[in-house]
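Input: one structure, supplied below.
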């Protein structure tokens, strides 16, 4: 169930054949959070396609406010699952129950008992469409070159600690980095702390508070071989038993990051600091707000790219880059606003030759699955209204309609395109 | 104790000889809520006068903020009880206790121990006045032609359900309809779901979620014989065992209401829809906001009087009228703003020949008790300052002063009039 | 631990040789609250110097937001403890632990394990400075002529009562009076209800709800002998067993205060009343807001100095003065804004010949310790930036630098001066 707090799904997944999950976004769940959850489920078995076992055809019942899924949203969100690795789209439930605590949970067949309802029609139409789509995209895989590390042990250690700030939420910090890449249309894998990193060019470990045995060495190898590593404030503090690694934060990561964090300031509600760029890093310039925690760091081997703009540690480093072997290790010493993270990650990807899948307007999500010599590009317009964008001059077959399209495309509100392209592009 | 959540007073009342209750409004209790509570207590035994067993002479102690009753308020609220059916006005308590958890609860005799206090004086003056009033209004009855149904089983089923919205509060929805009639100076009975409805011309069943055996049939008879019935969104969903009645909402009420509710949308905080009038209904015109839940309905036999103004169900019906036998059944598919409910209920009453008891400025409450050929009109000025209004050209005796008054009356802030009139007017 | 709610430290202190305490201000603890806490600890053994056993060198860990102490703040707050009677300044803890719930609590030696940190340096510098200071100020005493009574039994009785208002907080009311004197640079002792009052000229007993046996008699003697007594709303209500003293509030204090409180109004959130001056009392004039509780009082023997400006008790007394023997007893019938309390207490002190220790800008705290013929004036600049003020023409030795200074002084942000003067000034 996505970032469910109670279970370490990575541990569990080792003993399972198939990953399935239940996708129930709340009224305030960001679209990118749902995509991140799909990617996390895909990552549980290192990219193997998963099942979307449960979603509601329209309404939930256990949320505080259980709004209907607007027309087209169930279809759109079903394709969002497929786009991120689902080979199966299922519902809870076929019929609404007449009693007990879930009697208001949506179903393909409403309490009225017949098929002449909006919800039934939308389910039936999706079924027809998936039948038409056949097995074309089934068993295809992502081929992302960016990975974000997610670790339940790290999360539990963080959340069960007393201090330094109740405003620090591990999943939120992971999501901030994911969202920046999502907005850039750069596909991301969410991987375990034990994942083989050789396939990746950029690896991000937000708030890597707990560093388990061997992890730092593997990061050093990854960076040494040319990879780009990003870590943040409050990293490298404890070992696998939640005991502090003495000798200066970020502990075992200090070598590859080239910095020492002397103090960790917790900001009060309403307080913020600023990231003032001192070097040119892609499009980043001027100043960006940051908060929650501010590591006060010393650049040991690292270069300083930006410094704090306020408070007694004004002028000390907040963004550093350490050249290590063939690669680079970045440290982001506070929790920045999203504009900063987008600019930073865009530049880091560019340096590694990673380009957006497509340039689309806000709310138009793009992701890719690949099978053999075919690439399937899923384009989802989450906006209520039409959006237009350019898909390039080469005509691509669109799987849901069979038409060949190219150049400027007008995609209706909540509509979906699946473009078939050569995977060698 | 009014709308106390834990006990079904209607069930209890069958085994009691006399209904008594304790009236302790909070700092944010609307005046009309207190009146509704009195009317509910009167309704427990089908209109029999009740006892106001407890009220504080001035201060409570268990509220978060225990303000004093301002001068005149204790008297005013005592008459409010009488106006709604109390034949007895009592206090908790004679003397303030010196210890334990209620030692700050107000009393006729304060801790000072003598009678030279504002509170004692007000109690003594009220006593004298009630003595003067004698038994003139005792055992008189209301003669309201409008009834609102209140059902504890319905409330419990609603509140114990998971979904569709935490914003839905049964008592609040009942109060909205009551308040609209209260502002119109139209007397209302609050009755049980088993009450004999033949005496009424208008029966309102807000959020009649649970429809018990025989209820729908009695409503069909009531409407068939010329009555006006009003029900709302989220009605006719379950039977007496909280099991959904399959075949389409509003279940057993579908026949008399002439509509089918296909879906029930729950609005998010801050969200609203609009009621756009498509037919003339009394003074209602233009558009009114609505929210909490929005039934998406199909008019089967009913006429559409208004439609939703927003969202994907814009243009679908939100207010319908079904001619059934000699009467009419209305369905209000969402929770509207008060201006809409006042306009609607004023028109429905007008159609049944029900007129306001009097036209008074805001905050001047009017209700009636009748005994034999005498009608007693209670006029309560809840405002701090004087209000003026016209009581008609016929001179009426005012019971508290013995004076005969007519035409324009100036009623001091927090003052009370009791007009004696012929009950045949 | 300051105003810790669970233990009556006055009772405990009788059996202890030395008072020590742990000073952990929260992010929203007013500076004057910390000073009051020190003074309370000093008062536990009637002025005997205490130990500051625990403070953090920089960071706490169990607060919601654990910000760093800014440079200079640890030193400044250490001297604040000394200024109010500490003869010892200690830390929790020497080394940060590597595990368990306090592993993020600050320490002299950080997790890095060496001494090259800001925090270590600040601790070491303070140590050197205290060594230099030697025993000069040790075992010196305050010599305040103003006392505020603090009583845990009173607090518990108030807090465990049901009513009249959740907005009433005993410690806050005590702090309001303390803060007014703090802003005036008038030193205050916080004393038990059993303390010998003969050394004081002004005694303040905020919300003296519980009056224990003998207390009223001692206050009568104190006032009779020329003292100034101040009490407030909701005083003199119960005896030592939390049983109400019948016969009119403020019970046993009624004689010395010369008033009767007939009613006690609790104001609703957002509500306030006004104190309208009717007599000249020092600089007080015009009108001041007040709230929480409003006693409605009758001046029996007392003069009326101010009356309520609003509500039905407008024009009734809110500030009274009773001449009793050689002294005066004031009653403040509501909880006023701070400007009123400063004006009132300044005048009451002036009448008793009590002058501010020094006139300083806002945020510059002054307090005094005396030993033999020497007075030590502690001047603490809690502001981030420099402040200037005049210390008089007589040159005084400054203990931390050994320099003699006089006239206008420029004190850097967060810096401290300790002036040695003759105690006979």
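In order of appearance the chains are A, B and C, and numbering begins at 1 in each one.
Basically, contacts are C-beta pairs under 8 Å (C-beta built on N, C-alpha and C of every residue); 3 or more make two chains touch, one makes a residue touch a chain.
Going by UniProt, the chains are A, B, C = beta-galactosidase.
This is a predicted model, so every value here is computed, not measured.
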How much rotation, in degrees rounded to the nearest 5, is required to superimpose subunit B onto subunit C on the basis of Cα coordinates? 120
Please tell me whether the contact surfaces of subunit A and subunit C are same or different in residue numbering, using the over-half criterion. different
Rounded to the nearest Å, the gap separating the Cα centres of subunit A and subunit C is 53
Check: subunit B positions touching at least 2 other chains come out as none
In the complex of these two chains, what residues of subunit C are touching subunit B? 161-167, 241-249, 260, 262-269, 311-312
For the subunit A and subunit B complex, residues of the former touching the latter: 27, 58-68, 70-71, 96-99, 101-105, 110-113, 117-119
